[in-house]
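Labels run A, B, C, D, E and F following the written order; every chain starts at residue 1.
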Amino acid sequence: MRIAVCPGSFDPITLGHVDVISRAAAMFDEVIVLVMHNSRKGGGMFSIEERMELARRSVSSLGNARVDSHDGLLADYVVAHGVQAIVKGLRAMSDFENEFQQALANRTLAPQVETMFMVSRTDYMYLSSSVVKEIASFGGDISPFVPAEILPFVTKRALNIEKDVT
Amino acid sequence: MRIAVCPGSFDPITLGHVDVISRAAAMFDEVIVLVMHNSRKGGGMFSIEERMELARRSVSSLGNARVDSHDGLLADYVVAHGVQAIVKGLRAMSDFENEFQQALANRTLAPQVETMFMVSRTDYMYLSSSVVKEIASFGGDISPFVPAEILPFVTKRALNIEKDVT
Amino acid sequence: MRIAVCPGSFDPITLGHVDVISRAAAMFDEVIVLVMHNSRKGGGMFSIEERMELARRSVSSLGNARVDSHDGLLADYVVAHGVQAIVKGLRAMSDFENEFQQALANRTLAPQVETMFMVSRTDYMYLSSSVVKEIASFGGDISPFVPAEILPFVTKRALNIEKDVT
Amino acid sequence: MRIAVCPGSFDPITLGHVDVISRAAAMFDEVIVLVMHNSRKGGGMFSIEERMELARRSVSSLGNARVDSHDGLLADYVVAHGVQAIVKGLRAMSDFENEFQQALANRTLAPQVETMFMVSRTDYMYLSSSVVKEIASFGGDISPFVPAEILPFVTKRALNIEKDVT
Amino acid sequence: MRIAVCPGSFDPITLGHVDVISRAAAMFDEVIVLVMHNSRKGGGMFSIEERMELARRSVSSLGNARVDSHDGLLADYVVAHGVQAIVKGLRAMSDFENEFQQALANRTLAPQVETMFMVSRTDYMYLSSSVVKEIASFGGDISPFVPAEILPFVTKRALNIEKDVT
Amino acid sequence: MRIAVCPGSFDPITLGHVDVISRAAAMFDEVIVLVMHNSRKGGGMFSIEERMELARRSVSSLGNARVDSHDGLLADYVVAHGVQAIVKGLRAMSDFENEFQQALANRTLAPQVETMFMVSRTDYMYLSSSVVKEIASFGGDISPFVPAEILPFVTKRALNIEKDVT
């Protein structure tokens, strides 16, 4: 069985993420949406558990995708879980730089696991969780950017109207 | 009437900014130097009011430039003020990346407003507010980098010698 | 009166070009679509006269755009014709490199003329005359890429079925 | 069955190509090494038939890789042959630019086929068929760059000592 | 006497740094490994004194390299110490951007000092102090990344097992 | 004795080249301006002998620079002549890409020779022999771009007014 992992912060998951995950799901037997803890980056808008729940709702229509989280090195996770490929979306040049370096580092740490890149859809090219959060925090319309299933949660959290995700 | 906006943090305004603003002023009927609040980026060297005052002094010789500030999405401002173009200076490749993504995001949010880029003068290519602040904070000479009108304020503030801008 | 020029080879004009020209037409009083001779690049699919005719048909709905050609330095043309701005579309990083160097060269040769860049629509991001010609030459469908007005001419020329443009 | 295609000029195949092909072969049920005709690029060092033969010898140890050639659009080939993925190696930024644009064009032409990128091994990062040909043409040692199976053919052809590949 | 300086944060020094320093040492009469204070970047894993000690142990086999630190502008240091060249390693495109801008700034501040770039070894291309710290903090093996002389210090510090460097 | 080589086509030498050569001359005991034959690139404006003569006139004021030519691999030349460093000027991102790959290739072929990059002066950033030839061929003023010593030769050759360089 071929397993791919789509790692990220997913704070929150966007339509750009969902696009890449769907396309990976068409190529692999199973896709794991992996919410990475990144204690160095601090707080975030949603907790790890909330991010997982938002991701779960956003990929629920994909039969072979499931959500997990990991606190540690990605290389350790993929080895431990028999993952064959790390799948990432590339939006722009600066993405490429970072991803390239991470892919080389992961190859040293887990040589048997391949990193594969897909090109983002052009209409999601400027899309990131940060852009979503910035627009939402000023009350802008983020419906073109996040899955409909999670739109109310992101909108309200951004405006500091507390709403429990779970 | 054709109105352009030159948005930025302007903490503080540099000769590179002034160069782009002047060139925009030659192309448009009115140019708004827009000091953007960015609460996520935190403090800064000068307050919003001080940045506006420094900008005002630096562009006072341009008959059709005025200074404003905005706390919110740029897209909202340009729509509300009938702005036709967002004008930015490009210094380098990494500028291009960021600006490109912002321009695409703004096009989604305010389709009727065009983002236009001008190439920075080559001798201002390495110039940014951060570089100015770093050099000034070590007592280096920043006179080649900031307008003469604001040189004493930036120099003294950087060295923590308080001087009221206004 | 503010005049802009959109220079290029236009061999043939694509929907990406038309997008940039239309947006420039909204910003300036007059836009000149300038077909540049480039004797060093050799033949091309269409003659200069044919490229001009295809461009004319593609921008005929814009009231303030007209087509011209030039055999020489762009800097000489813009000075001679009182042009205020050179407007170019940027699709990608490699575009940026070339355009940046040309903009700097033109500033030395014609300091009073500004080069301004607009970001291409994301769905035209991979689009170039070369791509169009390659796809057409293999009998592929180029209707998503060129204006409907010129589709039959490009399709037939690419397949070496001679059809006089004029 | 999941089929991937690795397209290229392969004039001649290098160890960098073989690395990507091997890694694709580990991910897919079948990999097609596809020698693309590119009549616009002219002659080349080896004929299409010779390139195929050199590729065949270089991947003979891979049980699930075979060599084919195509004179036309890649998008047409992948659709006609039920290919699921186009797999390319990325060496550098400039690779990325070109590949990115091609991937977007191919998605328009053949939406059901995914382009996936792998990062080249760092020691093959500077490696291209052109580099191999340049070094070989001056009598330099190309054994670190091409598969041992094809070394004598490339060496002799580069020095214009005719040797029939087949 | 030709003196070069290799400036950096060195928190901690990596094999990538040592590679560049060694190569600079082969080109110049003396090389200064300069640990830069950067109060704006905050804490770090090691103190300035510890970074200097780790650097000293890592370059002890080079007869003409010595370690120093500086709290201020690099331009001031190089002028004060009669340094002829600033030598930096380039790993990737994004490095290039930053380094390019710093080199231009330093040329304005200290025109007589040349910045020279060397290309990193390809197997150190993804290597940075941050990568080392991230891997070490999760208990990963960092022996391919840091000099053997300092491996125990970095490993233990990353896991918060206090060990005095000096 | 430390010897550096500045390789290139020099068709013709520009002020940008002279800038890099002068700065290399300040760092090394001897600098060789090496005119590379590149039979694959075809004709050129000046013959190899003419390029050497133009280069000689342009660097005659530098006591430790001399001009040579080479028909073969650069790596072979530097090894045969005891060269310690290849010195190149970087103008832009695209330069960097090419130079990076060549530097890696040369390290494989001649491991003892270092490639070092200097950043071009910003006012020469858009400058290349091609730009000079294009401007000159249309009768534009190239005096800001080439050394005064060679200006008449380049101007006349570009306009096909034959003038013997030697």
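Descriptive notes on the structure:
One rule holds in what follows: contacts are C-beta pairs under 8 Å (C-beta built on N, C-alpha and C of every residue); 3 or more make two chains touch, one makes a residue touch a chain.
Everything numeric here is computed off the predicted structure, so don't read it as measured data.
Both subunit A and subunit F are touched by B, C, D, E.
Counting the residue numbers that touch the partner chain, subunit B and subunit E have less than half of them in common. Taking each chain's centre as the mean of its CA atoms, A is the chain most distant from subunit F. Note that among the pairs C-F, B-F or D-E, C-F reproduces the A-B interface, with over half of its contact pairs the same by residue number.
Work out the mean CA point of subunit D and of subunit F, and you get 34 Å between them.
The residues of subunit F that reach two or more other chains are 93-94, 97, 100, 104, 122, 125, listed in rising order. Chains touching one another, given as pairs, are A-B, A-C, A-D, A-E, B-C, B-E, B-F, C-D, C-F, D-E, D-F, E-F.
Every residue of subunit F that touches subunit D in the complex is listed here, in rising order: 40, 72-73, 75-76, 93-94, 97-98, 100-102, 104-105, 108-109. Residues 93, 122-123, 125-126 of subunit E touch subunit D in their complex.
The touching residues of subunit A, when paired with subunit D in their complex, are 2, 23, 26-27, 84-85, 90, 93, 96-97, 100, 103-104, 107, 114-119, 122. Of all the residues in subunit A, the ones that touch subunit B in their complex are 91-94, 125-126, 128, 131, 134-135, 138, 140-141, 144.
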